[in-house]
Structure formats: structure tokens, C-alpha cells
């Protein structure tokens, strides 16, 4: 019983970061209408930024959080401006090929620059735990969870309370009738794409401590985020959090209870994705 | 058509050309060009319906492992056939669920499919896991040119399929499905069937290419056989050469695979940087590839 | 007369909003029926439900006596339903002739290539597109686009033809030609259901009119009768009062 609860607790904490990354993906998909295969590479960027600052400047990853947010936002906005904007009206196949190409390019650039090794950022508090009755909470996963929650709440507030946020939602709903919003839509696209990247960048800093930085760390999160978004339903931002919870809990359960589950954890997202799609096909969406 | 025949003739005769000291190396390069061009054509066959397959590396790997596991028991040709059917079964499993849905679901699921198959190949008890799987050469190794001509046969099959799809009324069904599924359906095109058939045919060819690759490489490991790089290659070649055509992937294959073999001499890791960059540049500036540059008109 | 198309109690919801509310209507063999109504009345939704691009939440659609509510769009086309879109959607990389050939080849399964090609020539002649047969469909003028849209639906050899504002944007003279064309199509044995904003066209073409407002049928009958009804005028002039 205690093992089960501890497992669920671990899953819950992981769900926060998952939701953060997947929300970014859902934002670029729902608002800009782009399937961004390179979403995880923004995460990788954040992770390596955190690593470099820590390794060469001795900077605490807490500082890297803000920097990664800004840097990823900038890179996301530039990506939109230079690469996505020219193909907004191109066939979907071309759009997906473009972002896939970007993902391959960035992953392999990182491979050339840093090699395939995984690099962990280990601040003094990395292994700290809090005891909660019979349970243990890692200080870093708990912090990451709370920060993710706070970021998601701010995003929610931004989208529902601010003028700019309302514009973002309006564009998301009118995407099927392009050309109506003209130049305003361009600004909103830029903002949404930048924000999506920024969320991933922050998640990357968290993961550099909880997991590691490596050229392929983002790619895995792209896939997991796709599974979450498929489960939530396209363009459904609110569904992302429960869907992230489903994936994270399923992974936690598999890794605890399945003999030799360690390796198969990386197959759980596929099962979730596949079942979500079977459900969708069944309903005839 | 003349370009296609010329290239095929060149490949048919390559082993008999006086290539001197470079002969063995060029023959190896030629074999890889044949296999990866066939893979690229099989990808293009799916792309003609507007679907982005990121699973062609997985079909290739399924064919490689299927053939590799079977060849000691069944002999060369039945093993190749079984490997190909294994890839086809994977494609049907993947496609029958996702091809009913919006195109982006297929693209995403096909990518996830590749990742999961690598995990499976690493974990399953009979694949040799991360250590790998030794594969005997075709026909017991009695004939040195066997793998080359097997590869040539796979390319011939891919070209024949591609030409059939280009010249029969299947072309209109594929083109209509690609350009607007809603319109195609209202005009009576059974779009799910068209997509599924294209994927099945593509995966069978990709599986065959994988099988021959296994018998040439003599050794398989999951990272190599199910590498994402293979899926990237399968799509960069047609895009660079010219989408939705037979000659485009042929041209692209000769140029890019040749280039890749040279690049690999310089850099071991990260050569995919070139493919990523090429992909982006081609989509932005050369959507019709080399063929478009040469003024070829596609229909 | 036989009812070639019947819509019975069809409802459709979007995000909680009722776009169609128990809509019932029918089309007689050889008839030209107009469905009119203000913007957002649910006319295009109705056509999408009939042609199978949308699933209704309730109700039934019958084509030539057969229930088709659960059939795919392509299966409906095979049974004799044709559809022209409001927003013209040519298959841009194919020529005009190839666009029609798609409909002629796949509209009725088992059509031979020869038969399809011969039928395409007839449709080209009927719709006045012969001169543009080889042009890429992505390079047509608006008028040619509209003709292609109609011709392509015709190429599937429909028994029932759905036309979604195919005359929008045409000049009066062009609309007149189009009206004559639709009549010729009807005279060749095709029953027609069309959506239209231009009242002169409705008046000239329709044997009967159905008026939709807020997803409900509010009036039905000959144009002259319907146009006089109070509810119809309110619907069109706004209901601020």
C-alpha cells in the first residue's frame, strides 16, 4: 500500500513537468496550427543552457530558469519568423517535414557540439528529500511540480484575463478561416510560438537536474507530449493536465510493478498514444 | 523515362565496368544507393497520398530483423519475403487505426511506432538485444554479387510499383487524396483504402530493402536497424530529388547516398546535420527538388 | 412522385450550440429545391450532414429510399449523391480534365477508364469547359472555378445533386447562364437541392423553397408563398423587435 502511494506520488510530481511541455506543444498546434516536431529541442536548449551555466559559471539552475525562458522564447520567435511563417499556407506535409527537419538539425548539432553523453546538473540540493509521514518527496521534483503548476496557472490567467490572451484564443478559434485576422494574427502566432518554446525551455532546466541534458532528451519529450495532446484532444488546452497525469501515473506504475519495467517505461507513451487514437478512430472523429 | 532506364542500366552493369582499384568500394556504395533509393521510393509512394511516414526506418528494421532471424531456417528468398510481410503487418496495424484520422495523427503515431520498435528490439528475448544479431550472407555466401543483385531487384520492384502508381488511375486517387481529402471523398474516392494500400505497398518494399541490408551488413543491432536516421534518409532523398515522381528519388538517391558514404569517412556522428539542413532548405526554397530545378514538370 | 432524398429530424450540435434542430425536408424526383435562410441558419451544416462530412447527433438521412446516415461520404457518392462546395476547392495540381476524371472514375465503382473518359468529354461540353480542359485547376478564374465545381459533381453521375452557393460572386449575366445550366442538368434526370443567397436566382430556379433559421425549418412552399410569410421576413430583416 505504501509502495503504491509512493509510486502514485512520484507519478504526480512528474505530471507537472509533462503538462508544462505538452501545453507548449498544444499551444503551437492549437493557435498556430503547426505540428512542431522540434518542440522538444527547445527543451534540450534549456537543459544545455542550465548545464553550461552550472559547469562553467557555477550558476545555480534557479537562475537558469529565467534565462532559459527568455532564450527559448527568443529562439521560438525566431523559428516562427524565419521558418514557420513562410510555410503557413503550404500543405501540411511540407509543414511537418520542416519542423521534423529542424528537430533533426538541432539534435545532431548538439551531438556534434557536446557528444552523446548525458550531463547532469547537480546543485547541492539535488538529492534533498522531504519526509511526509512514511513517504519521501524529492525536493527538486516537488519544486519543479510547484513551479510547473504556477506557470500553467499564469498561462491560464493570461489567456482568460488579458486582452492579448483573449486575442490568442480568438485566433485559435478562427484558425479555420485564415486571412480574416491578417496582421494581428501574425503577432499572435509569434507570441504563441515563443511562449510554447519558453515553457519547454523552462522544463528543460528542471530536467537538467531531475534527469540530464543530452542531445536526445528533448526528442523523447516531444513524443510523450504528442501522446498527451492526442489523449487530451487537439486544441484542448484544459485537457492537457489530466492527460499528462494519466501518462505520468501509468509510467510510474509500470516502472514500479512490471518486472524489468525500467526499459519498458519508454514504451508506455506509445500505448497511451495508440489507445487514444483507437478511441478517436472508434468515435469516427 | 529515358533517365530512369539509363540509371537502371548503369546499375545493372556496374559490377562489370572497369573500375580498377576502387571497384569494391564503388560496388558497396552502389549497393547502398540501390537499397536506400528503393526505401526512398517506397516513402514517396506514401507521401503521394499526403501522409508523412516517419515509420519507414521501422519498416526497414522489421524487414531486416524478420529476414535476419529467418534466413538460417528458411533460406534467403523466403526469409526476405517473411521480413517484408512482417513490415507489412506492422504497417497495417499502424495504418488501420491512424489513417482514418487527420494526417497529423498518422505522422505522430508513425514516429512513436519507430521509437517503440527499437525499444522492443532491445528488450525481446530472441533479437539478441543490444548485443545484436549475426546474419549469414545470402545463398550461403556462395556468390559474391548476390547481395548486389538482390538490392538491384528490390530497386527494380520499387521503380515498377512507382511507375504503375504514376501511370494507372491510382495516380488520380492518390493525387486527389493528397490535395483535399474532403473533395476526394465527395468524388467517391475511398481515401482510407487508398492511403492504406499505399502504406502497405510502401512498407513491403521498405521491408525487402531492410532484409537485403541485413544480409549485406551481416550483423544487426537495434540502434542501427531501427535508427531514426533511416527514416530521415527515406524522406530527404525524395524531397531533395523531387517529390511524387519516380525519377526524383532516383536522382536524389544517387547524389545523397553517394555523398553520405563520403561524409561518413569524415564524421562518424552527427552527419544527419546535413540532412536536417537540406530538408529545411528544400522545403523553403526548392519544394520540387532537383527535378524542379531541371525544369521537369510533374503531373 | 418518388422522394429521392429525405431528411428526418436531423439535429447537430457544435460545442453545445444547436446548429440543426430536428430538421426534416425532402426532395422529389426531378425537382429543384432551394434551401434559404440568413447567415448562420445552418444551411451548410445541413449539406455537410447530407453528404456525410458531418455526423448528425440525431435523425436520419435517406437517399433513394435507403438510409445513409451512417455511410461514409464516398459510399454516398457511389449511391448517387453529388456535391459542389461553396468555397471552391479545385484539386490544384491536376488539370480540369483530371479533376473531372477523378469524379468519373471513382464516383461509381467499376467504371472503366474508357467510359469515364467519354463521360468527362460530355460533362466538359455541357459545362462549357472544353477550352480549359488542359489548364491546371489551380489557375482558373472565379467563373471557371464555379463551373469546375459543378462539373466535377456532375462527373460522379449523381441522381441527387447538392449545390452550395455555386452562384455566389457571379455577375448577373453569368448567374443567368448558370441557372440555365442547372435546368439542363435537372432535365437530364438529376434532382437538385441548392443553397443560395441571391433571391432572383432562387425565384428563377426553385420549384419549391425551404427556409431555415437558427437551425429550424420555419417555412416551406413555392417561392411566392414563402416570401410573403411573416416569420421569413423577420428572419431576414432581423428580429430586434
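Per-chain numbering from 1; labels A, B and C assigned in written order.
In this section, a residue touches a chain if its C-beta (ideal position, glycine included) is under 8 Å from a C-beta of that chain, and two chains touch if they have at least 3 such contacts.
Please read these numbers as outputs of a predicted model, since none were measured by experiment.
Judged by the touch criterion defined above, the protein chains link up one after another in an open path, with no loop closing it. Compared with chain A, the chain whose C-alpha mean position is the greatest distance off is C. Spacing of chain A relative to chain B, judged by their CA centroids, is 31 angstrom. Annotation: 43 Å between the Cα-based centres of chain B and chain C.
In chain A, 284 are the positions where the chain touches two or more neighbouring chains simultaneously. Per the touch definition, chain A reaches chain B in the complex via residues 35, 37, 83, 86-87, 90-94, 96-98, 100-109, 111-112, 115-116, 220, 223, 226-227, 230, 234, 260, 263-264, 266-267, 269-270, 273-274, 277-278, 280-281, 284-285. Looking at the complex, you find that chain B touches chain A at residues 47, 50-52, 54, 97-98, 100-105, 107-109, 111-113, 115-116, 119-120, 122-123, 178, 228, 232, 235, 239, 267, 269-273, 275-280, 283-284, 287.
Residue ranges on chain B touching chain C, taken from their complex, read 169, 172-173, 175-176, 179-180, 182-191, 298-299. Interface of chain C with chain B (complex): residues 51-53, 72-74, 77-78, 82-83, 85, 89, 91-95, 98, 101-103, 105-109, 113, 152-153, 155-156.
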